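Here chain A shows up in two complexes: once beside chain B, once beside chain C.
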Partner chain A sequence: MSNAVAGPFWWRSIGQRLTILLAGIAAVLAILSWWMVTSFAREAAERTQDNVLVASATSIAEALRSEQGTILLELPYSAFAMLDAIGEDRVFYRVAANGETLTGYDDLIPPNTPERPGEVAVRTIDFRGDQVRTVTVRRTVLAGQQPVPVLVTVAQTRTGVEAIGSGLSQTAAGLSVALFVFAVGLGAFAAGNALKPLNSFAQAVTRRGPADLRPLRRKVPDELSPLLVALNRLMDRLGQSIRRSEEFIAEAAHRVRTPLATVRAQAELALHTVEKDTEKQMLRRIIRAVDESSRSASQLLDHATVSFRADALAQEQIDLADLAARVTSGLQPTAEMKDIALELDAKGPAFVLGDAILLESALRNVLDNSVKYSPAETEITVTLDRADPSNWRLVVRDQGRGFSADSLPDLTTRFKRGSNVAQVVGSGLGLTIAEEVLDAHGGRIELTNPKNGAGACVSLILPAA
Partner chain B sequence: MRFLLVEDNMELGEAVMARLSLDGHAVDHAKTLAEADEWLAVADYDLMLLDVMLPDGDGRQFLRRTRTAERLPVIVLTARSQVSDRVDTLDLGADDYITKPFDFGELEARCRAVLRRRGTPTPALIPLGDALFDPSGGTLSHAGEIKPLRNRELRLLEVFARNKGQILSKSQLLDRLFSQDADVSENAIEVYVGRLRKRLLAAGVEIETVRGVGYRMTWE
Partner chain C sequence: MRFPDLARCLSAALWLTNLAGPLVALELEDQRLYPGTGDTVVKVISTGDLDVFEPFILQFQAENPTIGIDYSVTSSAELHTAITQGGVFDVAMSSAMDLQFQLANDGAAQAYSSPVTESLPTWARWRNQVFAFTAEPAVAVISQDLFAGLERPKTRQELIALLRQNPDAFENKIGTYDVQTSGLGYLFATQEARNSDTFWRLSELMGRRGTELYCCSGQMIDEVASGRLALAYNVLGSYAAERIARDDRLEILDLQDYATVMLRTALIPATATETEAAGLFLDRLLQEGMRENSTVWALPPLSAAETPEARAYGPIRLGPALLVYLDRLNRDAFLRAWRDAMVQQ
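== the complex of A and B ==
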């Protein structure tokens, strides 16, 4: 498509653009949701660990007692049992009074300590090459008469928490991918659905013949209605301009022909009343000149009509047999004037696609030529047959003087007339009109002088519908 | 025959009237559609000649409105030449059309063809000796035999038949027959007169050559 917008192929269709944009949005949302789920899961796992650590440390602190000034501790089993719930993590502890380790790991020094009893200090630190979570609680134990502050620190490695976190993170990633794929599918569907009115609008415009300029009457979405209004306005203007041109042609014909008709009628009448041969001769010249100009005028107007209609060629189904019959019977009285027998041999239906007005004007011009150039009491035949399996052929054959061999190649040139017809009225546009019409319909015109006998033979060849 | 001519151009209308009267037809001339309505109400016509562009409307609409064409043959006179226009005219019930400017010979030929197609009863048969001449049907009947005449013979015979015993010059005859073909010579007249003589011999009609002047047809 030459009128596609610039850009890579996948950017040229609105549907694809919408799908891609929606997919991008879905991707951002999927990543965001994955990140949120993951961090929330991690936080939840950490909080659970902290709670268990606090409970453990508290239960150890509760077990502290003093006997005769000495601080005694019997580590409760449950304090460590509850930590198993988290997973295969190692547990460290330290109970210190006045900075002196009572039991546990000497090097487990919490970075921060609670200021008052009941407070809890939580921190993550590096301990013996691992990250551990430490919880420290404070309890004041009376040793003798002296209150001694005791710090109980319980620590646990974070492998279990990390495992829970990454497991949840993987699940979340899987869900996000599924969500993304689903969203892309929905996006494509939504894009297609949203564009449906646009597509059906485009089809409605395309389906119309070039001559159909009625306004489009259909319900369109709000976004399309400016386009519809603009299109209808354009078609209206085009229709008006076509009508004006047609009216102009009709008006021009009327203005030119009516006075010519008067002149001709008066001259013909005068021909019956004048006596002198010289006067008669003058009147005949007037009549001849009138005929010449009227014929030129009508062919010029025909030619204008042809050029103008060929630009937007109608595509009606036309039966050539029917058309030939119509044209032939229209010219019958003219032929009868010269006692020319007009024979028609056309059996239909012989369908072609095109503009009936143009095709009729082409055949009429050819046949009119034949009648004009044929001597009295001869025969003109119009036959319709197949030129080949895909083409119809209308042949007009007369018994006149034929085409002069030297001018045969360029007889269809505008205003060119045969070199042997100087005394017959004609403008030289007839065959040009016929050829232009045939060209516009993808057909052609052939001029020959048949070998058997005199006469001219014009073949109009048109593709069958 | 009686014609109703509807034509707003005075000069053209008068010329057509004069020319048709010359051939022995009666013509009423209406300049507007309203006038045409009045004439149609009071008189019977064999044929109407109707212009399409008239001051008080379009001749084609008149045809559709009045449905005149149902009872009266109509030939439309049009200054347009577009085929579509002609087709529409025929669709509206007109029998034929003729494009201005027109040849009277052609107009006559078209009138005759229309009347023949319509099967309008021949208004006037002209007895020529023992034969009967039907100008609108274009035939000559003699001794129970009806023979069609060629168009030029017919027109020539019509001129003779309407001018019994008068001398008609070759050039007068030529004008009646060939006003549209300037290349026909006076010799052609001799050919057609010769043919008519043969056809009319048995009926006792004679076409006499008046030396240096022309021809005269006489019959009992």
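== the complex of A and C ==
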């Protein structure tokens, strides 16, 4: 086989591939959504902190006033109390008029300052070993006659913001993992569901019998219909090719049989005209050989007929009792030549549905086998009864050598013969034909060596009509 | 005087001008070394008097015999200055929660967490750096003798009415903290001014009646006990309760409108060297503070902050708002207003 489907074991099934790909997509989406939620949450928390800082700085700026040329300030309690809202963060502030610290932390120099009153400058800087967010607002206070620009800076560390951010990030991570697991489950379900038509298609092909070459008639998804068409075409071609070879065999057998009949007739005539024993024996050997060849040719023909007719099996009503009687009487002359008594015990009607020619050929081959392998002056019985309420059974029983136990299972294989019949000439097709016929009719063949007495027993079991 | 820790008062100007000043020699009120069996010595700087904390230290050493304790007593302002200027201490305990908060805010404290600190209520800790171990309300203490025949006021409103209606009984017989010198008095006054407008009316009235100003709760209680004062306003509740237990001339006014509750706090300075032992000491301190009835000290438990009166406004919040009244401009403004009300000539 080619290595068309190479790769690790988990890559060899479409279902697993689909599941893995969907899981990969789900993982990417989960990570993406986690990252987005995390960054949004962080940004929201940062923005909230900025807003609180702006509110705080603004309320301090609002509290600025001047009295007799000096700028006065009473820090509003709420300006600092509100900074508690985000979390437990360190707070720094500085109020500077004309660059001179009015109050607060002298070293808190805002990195950028608003140009005009009402503007807000926001920046993150390092201050006293921590990252702090600084907000600076500007207000002009009239000190005496002089307008004095006052900068109010409020700064806060970012512990609370980070705590909120990482808390939300953890929640988002949990949700993302849950989402991922859920998506993988859904992906596996979707992959299974998408592949269902393919599986049922494969099963339909697998379920077919080895000789069933009828085209598949199923509704398949669009993607599978080229495969279905190709498969049907292949089976059609295969069927045609088999039919052609069967036809060829039938034709060949037929062509061989006719001259053989002539040879046999001539040989018999010659048998009556020669007088020497050695010559008579020679002619008898010729006749026997011709008979064998003729029989083999008949069987090949039968086999071809079975293969051909089984494809489009006729469904006529057949009385097995009639059929058994016909076949038995047909073989009576051959049996008599060997001094073999053919007994028929079949009371009709025993109806089955099927092809009369095929069923006759099956029974004839079985009976012919029995006659062939039975010694002289023995008895062969053909009985018809019910195997069970829904099946008929035709049993052919002889007193010959029976089947060799070790080859029993293989005897219905084409050209396979028992291990105990080496000295008898035979083709090995008889039981194969019988089995193929019964298979085509939904029945079966059973080969047994009966416990009471010698001989072989062949049961043909057919569903009752 | 049993609780001299509040006696350590420094002027407000000194607090803030000292911050950037040169390293000055630490003024200690008391110091004792409790040697352990090992080499470890935890240096504790505290505003709490040895009388109060010695039983606790001994108990701690009974449980951790290897750890020695070097216990120094100083004022809250001195403590603040010492830590700001880089003095090496392993634990700093103070009744001035605003200054303690400022230390942590300015980066002079280090974080510590343990199962014990985790079990503290959230209002009793800040950034895992400042931890409260007692909650102590401010109360009004009266003299039984001088209050004879007078109805006990139930609210500050009624107290104001009482002071108005009985000018003679209270003339020069009221005492309160001098908020200009006492850090704790300043904390109490600013928080009360924030909570209620009765504070200013009361202050004005007290000023009109001629109010004596004190540096510490102990002195005020002494004066009430001796009959020199009829009323001492905003006295540390724990001190008063402890004194009343052995002096029946005193009585605590049951003012039901609100109570200002301050938290006594501890922190591990950034300069600490014995952080592990300091953590053990702090854990033990907090456990004692969370115990309903301590056997080793007479300080009220943290749960005192959960009484109905205290709950009305909660204990003074450990948060950046504490910085507001430490601000130089605010302080000046507040003291100006307070002087105008209280010191009427």
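Here are some notes:
Throughout what follows, the second predicted complex is superposed on the first by the 251 of 465 C-alpha atoms of A that agree within 3 Å, B and C clash if a C-alpha of one lies under 4 Å from a C-alpha of the other, contacts with A are read in each partner's own complex, and residues count from 1 in each chain.
Rule of thumb we're sticking to: contacts are C-beta pairs under 8 Å (C-beta built on N, C-alpha and C of every residue); 3 or more make two chains touch, one makes a residue touch a chain.
It should be emphasised that the depicted structure is a prediction, and the values quoted were computed from it without experimental measurement.
Ranking chain B and chain C by residues of chain A touched puts B first. Of the two partner chains, chain B is the only one that A:376 touches; chain C does not reach it.
Of the two partner chains placed around the shared chain by superposition, chain C is the only one that A:128 touches, whereas chain B remains out of contact.
Look at A:74: by the touch rule set out above, it reaches chain C but stays clear of chain B.
Legend: residue contacts after superposition of the two complexes on their common chain; A:360 is shown touching chain B, with no touch to chain C.
By the document's definition of touching, of the two partners only chain C reaches A:83; chain B does not.
In the superposition on chain A, A:254 contacts chain B only, with no contact to chain C. When the two structures are aligned on the shared chain, A:330 is found in touch with chain B, with no touch to chain C.
If you check the complex, the residues on chain B that touch chain A are 9, 11-12, 15-16, 18-19, 22, 53, 79-87, 96, 99-106, 109-110, 113, 150-152, 171-172, 175-176, 179-184, 188.
Across the interface of their complex, chain C is touched by residues 72-77, 79-81, 83-84, 88-93, 102-104, 128-130, 159 of chain A.
Within the complex formed with chain B, the residues of chain A that make contact are 246, 249-250, 253-254, 256-258, 260-266, 268-269, 271-272, 277, 280, 284, 287-288, 290-291, 294, 298, 301-302, 305, 326, 330, 332-334, 336-339, 357, 360-361, 364, 376-377, 423-425.
Listing the residues of chain C that touch chain A in their complex gives 104-107, 126-127, 194, 317, 319-321, 323-324, 327-330, 333.
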